[in-house]
Amino acid sequence: MIKRVEVNYRGIFQKNLGKYIGGDIVQIASRMGKVAFSNGRYSDAPERNGIPCKYFAFVSPDLSEEELEAECGAKLDIDEADVSVVVDDTMVKGVEPWGWHGVRAINEKVREKGCLLVVSQHTHDNLLQFIPRLPFSWRLASVEGPASLAGLWVYKDDLTRERVLGAIAAVDPGIIAIEAVEAYLLERTTDKHRAEAARASYDATLRNIRVVKAGEGAEWHHEIPRLPTWKEFEDGGVVVPAVPRGFKMGPRGQTRNDAFKRGTTKSHRPVIRFDLCIKCTLCWYDCPDECFDPTDDGLYDVNYEVCVGCHKCAEVCPVPECIVMVDELKFNSDASPWEHHKKDAQGYIKWAEEKKGLDRIHYPHVTGTGMEIREGKYVPPKPEKGGAAAGAKA
Amino acid sequence: MATVAEKTNVWEKEVLLNGCQAVAQGVKLANVDVIAAYPIRPYTEVMDALSKLIADGEFDSEYIVADSEHSQFEIVKHASSVGARAFGGSSGTGWMYGFEALVVTATDRLPPLFVVGNRALDDPGAFGVEHNDALALRDMGWLLCWASTAQEALEHVLIGYRIAEDSRILMPMALAMDGAFLTHSQHMLKVPTQEAVNRFLPSFDLGKRVLHPDNPVSIAPQVNEDWVMELRRQNWEAARRARTIIPEVYKSFNDIFGPRYDNPFFDEFLCEDAEVVLVGLGAVKMPAQTAVRRMREQGKKVGYVNLRWFRPFPHEQLRATLGRMKGVGVIDRNFAIGSPDNGGIVVQDIRSALYPLAKRPVVTDFIGGLGGRDMSIADCVRMLEITLDAANGKQGDELVTWIGLRE
Amino acid sequence: MATQLPVIDYEKIKKIHDTPLEEFYTSGHRTCQGCESAMVMRDFAKASGPRTVVTGATGCMYVANTSYLTTPWIVPWMHTQLGAGGASAVGMAAGLRAQMRKGKIKNEKINVINFSGDLGAGDMGLSGVSGALQTDYDLLIILYDNESAANTDIQATGLTTYGAQTTFTPPGSKHRIMQRRWKKNVAAMLAVGHPTCRYVATASATFPALDFMNKTRKALGIGGPTFIHTFDPCPKGWDFHPRYSHELGELGIKSGIFPLYEIIDGQVVYTYDARQKGRIPVREYLEKQGRFAHLVDEDVDYIQGMVDTMWNEWDIPGVAPFKAGLSVSGERATV
């Protein structure tokens, strides 16, 4: 018997988290007398901030090391998943890790009766708006909380790792048992609260596993690109056509690389109050992904298909509340917001404010040092006293 | 009746040139656009000669003295990418310094031409001839060809560009010539007229693959496991096609310049009724053919195969010729440490080509002439004798005999 | 040495609203959120326009932009090897010049540009860049500097800031600072070493607005080989949230740790003269990056001291680490 686990995570922000969860599964399973190994998905590397990535772990109670390796090793991707962990819930809208891969469903690898385990503050119904139906029954469970984002060097120790382990034990004790999880966590750091967090998550998850029926879920419209045979592109080979030149004012006015839109990189998207805009150009000017289309009335439309959610526009915009980053799961359309504003300016403002809500996300400079949700309008942060360098010890 | 070649005067003059200078003449006649130079013995004089031709206004080309071989080879590659006919060269350890650039030139499917003045590899440093430098390219997707005379070197600059630049091929060309023996000895050579060369060698046109603002392309984007195999297969196919295109090019050459090459891939010397032949690359042809003549005088049925093309390897033609033999002695002017039966590089390919034959000749191998050591007529006689013995069932256990080694 | 700056024939972008709207490097690349090196790509391509050929050396701006067998480039672009940036620019320029002279292609101005990263132009490819700057070809080499070997997942290079964490320089229980090298002063080094090179500059896509684009146009307009070294805050390698990319660029420049200047026909023109505008303490820049989270006061003081020396003691502040006028005995010579 083989149990396969995949961890879907946001590149760089959750690189260490994904690796730790995968590694922890192997260590816990080993302590239980099972055979296990883990690896990242090689083609994801080099990872980029926000790009969807995967980490894998394989566990068997009865196979030998070689047999497990033979079935699951020396492969680029996982065949199927008993548990598919998603540590940033915005990935349920689909994941496009690189060009010519297409946007894939988050539950693409989930097997019959397998479980999609999502770290989220959304309800199961909200999540299922985006997750495509499968021809068999599967399960959906969540670990309550926001996505834990950090960086390469400063890790965010917010117990997401421990809670995910507890939740895995809940949805599939055949992989790891909660007692073994607790024992491992106590042994690793002697911090009791880690084991306690895992157990609490285990208990909570047991109560919120939802069985998703065959055929229940969203329509899926993304196609997998067909890769050409060697003969079909022999004339070009390593020479590919450039993106054709083309620019006109207005939405979608600039030509873009249609082969790789990569809108699934984003966890948040910018919501723009066109009525507050002072037309300073900075959002368009400073966008590393060329997402804005200048319009004839001096405004800047955002192409949500290609926006990667870096937050730069929100940061450089000089007008408070003009650009606010909002949870990607609040949107089910990439239609042009400027066109909406042009058609119905007041209606658009209502729509925008409803999407924005009252919470404003604040990320510190060093992502791993925390994240705040502040209620009410955005207040620019005061210069941080202390910060990362002061008070750091050798 | 006068041939076409005799009617229209295709040869301009006879000039005293060494191998390096001969190559320079070829480059001039090919109207090369960009040359990148870097010094290393024994090929350097090619670049000396070219700079003088340019300085005297006899030839118009950009000429860049590079900061290293790696830069030198990259300059050539990128000049080629924008549609310029480009030329470079090196020897021995310098060739190895820029090896990365050579590998990618082939996988970028660009067709510049490089001369390799064969020289022993460092360490320690040694200037004399050895073939490992050029042979190191054999798997990489290059056209690889050996000149055995200075005249041949001159002509193969032209033949090389024509084959490399063929849009059905697009592989870079390495023209190898033995350091010292070819690069530095002077002969009276026939230099073709520019008019005749222009009839033979069209101007370089990369078509839709060129990097130019009128042709917006992206060349060599990063790939992953979805693409590498197909790209390799394309390169592989180009080399296969080259085997059928190469004879067409030689026919065209013969039509214009007179019947100079019977067989594009190798020359057969007294092989029609031979029972035993030696096979070699490069200047060893001279002592080997002399040895063949001497042994013929003694009634021995021996011959010599001067292998010109190493890549693409002419396995079908070699099977046909060598398959008739009782014995084949391969002269390996290279080393291949730890190889099967401890043989050199060329014997591996020869044995491999002969493998499918129901009836195979006995194959024996000779490693010699490394680091510039002579391979004398007497050495070649000895090699023929050993091969004859092998053909008559008197081969020892070893595939390899070291020739000229102090033992 | 000229005492007046030359008149360079280039179309200056005067106001941000005059920025050309058309992109020549467009959406659809796999760069990190907030990548300032991608901004450099966007800006130089925009400034240079369609009559351009570009080579990009192996590095983030190769792999991240074209993953996989796809392209965001609208201008013609070709990959080149990591250390081949300078050579690739020379090859393209020479190939175009020869063909134009021989009448094989139309005689026209074509901008020849190579971009290379830290390793490409500052370490491995330094000899090729040097060779290129000695020629008389019209070309521009851009060193896009994100202060690490970023594509290989962040290792130290010759351009990494002192003290920074990378996978090759992790702080450990025995050694807190593994990255003990001070950043190479590449732009000035190249200017000093190549007296016929007319234009060397440092820049950043972050700050000031339009500066890098105008510097690109100046370099392309002045004639001969030219070099620009850009300062690219990198959320992945420096460990900060992408939304602060622009801010970190400004802080780095205003702290004086990355001097911003041009050297035109041998004359130094400061873009941001830290002597006059004042410098913010480097701590305000360092503390916002996770790669410096392990630094203690002693380390910050050292960095501050080095930056102070750059601006207070170098004969050409921020540019050239020379102090003139020493006699053999070590005492300053009197005039």
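To keep things simple, chains are lettered A, B and C as they appear, and every chain counts its residues starting from 1.
Following the convention adopted for this analysis, a contact is a pair of C-beta atoms (placed from the backbone, for glycine too) under 8 Å apart; a residue touches a chain by one contact, two chains touch by 3 or more.
What you see is a predicted model; the values in this text were computed from it and never measured.
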item	value
Middle chain, criterion being Cα centroid separation	C
Remotest chain, chain A as reference, centres from CA atoms	B
Between the pairs A-B and B-C, the one where more C-beta pairs touch	B-C
Rounded Å distance between chain A and chain C, as computed from the means of their C-alpha atoms	32
Centre-to-centre distance between chain B and chain A (centres being mean Cα positions), rounded to whole Å	55
Intercentroid distance (Cα basis), chain C paired with chain B, Å	43
For chain B, residues contacting two or more additional chains	216-221, 224, 226
Where chain A touches two or more other chains, by residue	98, 100, 240, 242, 244-245
For chain C, residues that touch 2 or more chains besides their own	50, 63, 66-71, 73-77
Contacting residues of chain A [partner chain C, same complex]	11-12, 45-51, 98-100, 151-154, 240, 242-245, 247, 249, 254-262, 265-266, 280-282, 285-286, 288-291, 294, 303, 306, 308-312, 314-316, 363-368, 383-384, 386-390, 392-394
Residue ranges of chain B in contact with chain A within the complex	107-109, 208-209, 216-221, 224-226, 229-231, 233-234, 237
Complex interface listing, chain C residues touching chain B	50-53, 55, 62-63, 65-71, 73-81, 83-84, 86-92, 94-99, 101-102, 104-105, 110, 127-128, 130-131, 135
Contact set on chain C toward chain A in their complex	16-17, 19, 21-36, 38-39, 42, 50, 60, 63-64, 66-77, 150-154, 165, 171, 173, 176, 209, 235-237, 239-247, 283-284, 286-297, 300
Of all residues in chain B, those that touch chain C in their complex	31, 33-34, 36, 60-62, 64, 66-68, 70-72, 74-84, 86, 100-101, 104, 203, 211-213, 215-224, 226-227
